[in-house]
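Okay, so here's the structure we're looking at.
Letters A, B and C mark the chains in the order given here, with residues in each chain numbered from 1 onward.
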Amino acid sequence: MTAFFATIRTSFRRQLTYRAANLSGLATNLMFAFFRASVLIALFNEKNIVNGLSIQGAITFAGITQALIGFLSFFSWYDVMHSINDGQIGADLLKPMNFFTYWLGVDLGRALGSFIIRSLPLFLIFMLFYKITLPDSFLQWLVFLLSIVLSELISFGWRFLVNLAAFWSPNALGIGRFAFGLSWIFSGFFMPLDLFPDWLANFSRLTPFGASVYLPIELFINSLTPGELLQTVFIQIFWVLFFILIDQLVLSRGVRKLVIQGG
Amino acid sequence: MRSVKLLLRLIRLQIRSQLQYPASFILEVISGVIIMGFYFVAFALTFSRFDNIGGWSLGEVAFVWGLAEFSFGTMDMIFSGFDYDAFGPMIRKGQFDQLLLRPVNITLQVFGSRFVLRRLGKMIEGLAIFIYSLTLIQVEWTAFKLLYLPVLVVSQVFFFGSLFVIGATTTFWTMERLEILNIFSYGGNEVMSYPMHIFPRPIRMLFTYVVPAILLSYYPAVYMLGKTDPLGAPAFVSFLAPVVAAAMFWLALRFWHFGIRNYQSSGS
Amino acid sequence: MKPIISVQDLSKTFKVYRNHKGYLGAFRNLVDRKFDLVHAVDGVSFEVQPGELVGYIGPNGAGKSTTIKMLTGLLVPTSGTMEVDGYLPWKQRKDCVRKIGAVFGQRTTLWWDLPLTDSFDLLKHIYDIPEDVFIANYNHFREILDLDPFLNTPVRSLSLGQRMRADLCAAFLHNPSLVFLDEPTIGLDVVAKQRIRDFIQFINQKKGATILLTTHDISDVQKLCERVLIIDHGKILFDGKLAALLADFGGRRFLNVEFAEYYPEVHLKDAEVVRVDGNQVVFSFERKTISASKLINRLSENYRISDLEVQNQPIEDTIRQIYEDQLLYNHPYDKRDPAP
């Protein structure tokens, strides 16, 4: 257990040393937050609410999505794939720690570092420019924080699974690009799901991608009843468990293949 | 001239190498079209809940959106050697020296060092969105407009290309990627996909006076689509695109040559 | 005959900026730049005649690669003059580079993703090699370097040894009059090294190409180069025959003795005990002080010997000693100008 926390801590520290990358990532994401907010404001054009979403909520959406990009590492993550492809995995598997747990620790450290040095400042700066919606009760805040932790776990579970394709295909990178691209589509990242046609919005919410990206945002923007809060959290927990299970399964298959067939 | 022939030869070889597994390649292109295209799809689906954006219809937005995507994709295919992700490692690993050791023009060698045929996906996506726009709106085509359209595309390509060249040049001095430049290239691509008058003043100023994206996308479109410009600029501004692109590219190349000279005197 | 490389008082000084630490430091870096001057190459002079095979050695950081970079036009000198095959490399880049070749052990000169045949074909066009010359060289080198098994493989998939052979072939296709070889045998096994050395010798002798060889592998130098240049801290320490250098400094020899019985203490005049391992004792002695035969006679007078062997100091150790103990400093061979 201590090894796990040590992994998190090391990864966290390392993330903090990427000063230049973090700063420039922050700047880029902030710019895009401004772009997205501007587009939504122009669309709403004096209308206050569209399909239950207020203009303020939409603006908040623009800010949070950009703030979460680095944190969730949602666009791409190929570390495990690289490890498999260049044989580093041999050394990794010899470590006295479960392969999945090890990478989870690394990712949690990274996410925590990214949250502190990128997501938080970004959102705070964003708040200086726009009036946004904040959770209106202590309970909402708490559940939101829990929710983004679960989001990161779901995101990791998905990214890890995609990376495992490298065990079977030399073209895993192409598969990865496609898989990650597909997941953005249903994540609710591009536009607030409330503005989508209902069928698409509901379908996206059912996917783990929507659960990872959009659900916490809904928690943040809307005042949900305790029942709804619980429901959201349960959906997320379901996906977390789902990925933990599937990842372990696929991983063991992959390792077996690796061991039998060689590097 | 000889160097140009070599460049074409190098590009041809890379295309051949990339088309080695045609099925895989086509799949990647298609997936690219779908994924990048979804961004517009999401916008279009959302748009149905509203009447217009800044007084522009969906078709009109698609007009500038498709153009920007097509141009950026074209640029990304041709100028890939200058992409920080390719050029940075080239400098870091000392492979740039290899270029200096060949009796060929260095700039052309960098162009030829990387040609990503896969970017065809973005070009197709852009084209599709542009064609879609033409089905939604009625453009009053004149001979001049028909001539200006390809000129505009080429201008946009060199506009984006200049930003890539400048970005690559900065790696001569700093090992770190200057992501601030991404704000201008990828950010430029983003803002050029919308009618730019919808953006708040600071952003508009940035993309008018620092990096004149507005002259490459918004004002030419105002002319082509016959829109009124709430910002009140004189009409001739719509035709400055090729001038601006040429000037930017010229400046970028000067900076680039300065960078090479500096590299030779201070070492890696 | 006009030298193919002529270097006079060549110097290259770098400004190394000192970096302030921390966030505040990043700001200070912009306004207050302190730097140190590093004299990577400090007044180097030498000449190389056409057809020579010269070794250019020195410890890490001595200035070898900086010199080579200047000679190949990659770097502009701070001061001094140089001429390479009649050109000023950095100023007449394209003309100069057309006549020379370069191979770097650490990285390839070929195109990463393209099959070897494509790379060679590109080179044919880049150097405007006449078809018959190209075909003759290509076929000849292909055979000697045994490239056929992987001619269609992209460079990224080649092993180090294969890549080095491919790079060597590429470097000589256009019949360069001068070739710089930087660490051509690094990381290779003994067999591969020999193959490379054979090729280098062949090219130098049969084609008359001048070769400047930079390497850390002293056996490369020993096997290939008659003349060697030693550089350290930016200055040329030695320029002459390797044999002469070794005669002066490589005098330490070893006597490896296996005694017929165990002797608790062994003494031998004019020799030092280096290692004791049961019945085996290793002595070291100086060639100048005493001959091996005298030493052996002395030993057999007092002890019963079952077997013995005389060894010379490995050349690597000699060179290392020269670097570490700065043996050449203030030695008659020392080429550097006396300090003012």
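Everything below uses one rule, namely that contacts are C-beta pairs under 8 Å (C-beta built on N, C-alpha and C of every residue); 3 or more make two chains touch, one makes a residue touch a chain.
Because the structure is predicted, anything quoted here is derived from the model rather than measured.
Colleague: Hey, how would you classify the chain contact layout here, line, ring, star, complete or other?
Modeller: Here the contact pattern is a line, an open path with two ends.
Colleague: Return the chain label for which the distance between chain Cα mean and whole-protein Cα mean is smallest.
Modeller: Centroid comparison flags B as closest.
Colleague: If you average the Cα atoms of subunit A and of subunit B to get two centres, how far apart are those centres in Å?
Modeller: Whole-Å distance between the two chain centres: 29.
Colleague: Taking the mean of the C-alpha atoms as each chain's centre, how many Å separate subunit B from subunit C?
Modeller: 47
Colleague: Counting only Cα atoms for the centres, state how far subunit A is from subunit C in Å.
Modeller: Distance between chain centres, rounded to whole Å: 52 Å.
Colleague: Using the touch definition from the top, list the residues of subunit A that touch subunit B in their complex.
Modeller: Going by the criterion above, the answer is residues 20-21, 24-25, 27-28, 31-32, 34-35, 38-39, 41-45, 47, 50-51, 171, 174, 177-178, 181-182, 184-185, 190-191, 195-197, 200.
Colleague: Show which residues of subunit B lie in contact with subunit A when the two form their complex.
Modeller: So the residues of subunit B in touch with subunit A come to 21, 24, 27-28, 31-32, 34-35, 38-39, 42-43, 45-50, 52-54, 176-180, 182-183, 186-187, 190-191, 194, 198-200, 203.
Colleague: Tell me, which parts of subunit B touch subunit C in their complex?
Modeller: Touch residues, subunit B against subunit C: 5-6, 9-10, 13-14, 17, 93-95, 97-98, 100-104, 264-267.
Colleague: Considering only the defined contacts, which subunit C positions touch subunit B in the complex?
Modeller: By the definition above, subunit C touches subunit B via 12, 14-15, 66, 69, 72-76, 90, 93-95, 97-98, 102, 104, 106-107, 109, 111, 113-115, 118, 122, 125-127, 154.
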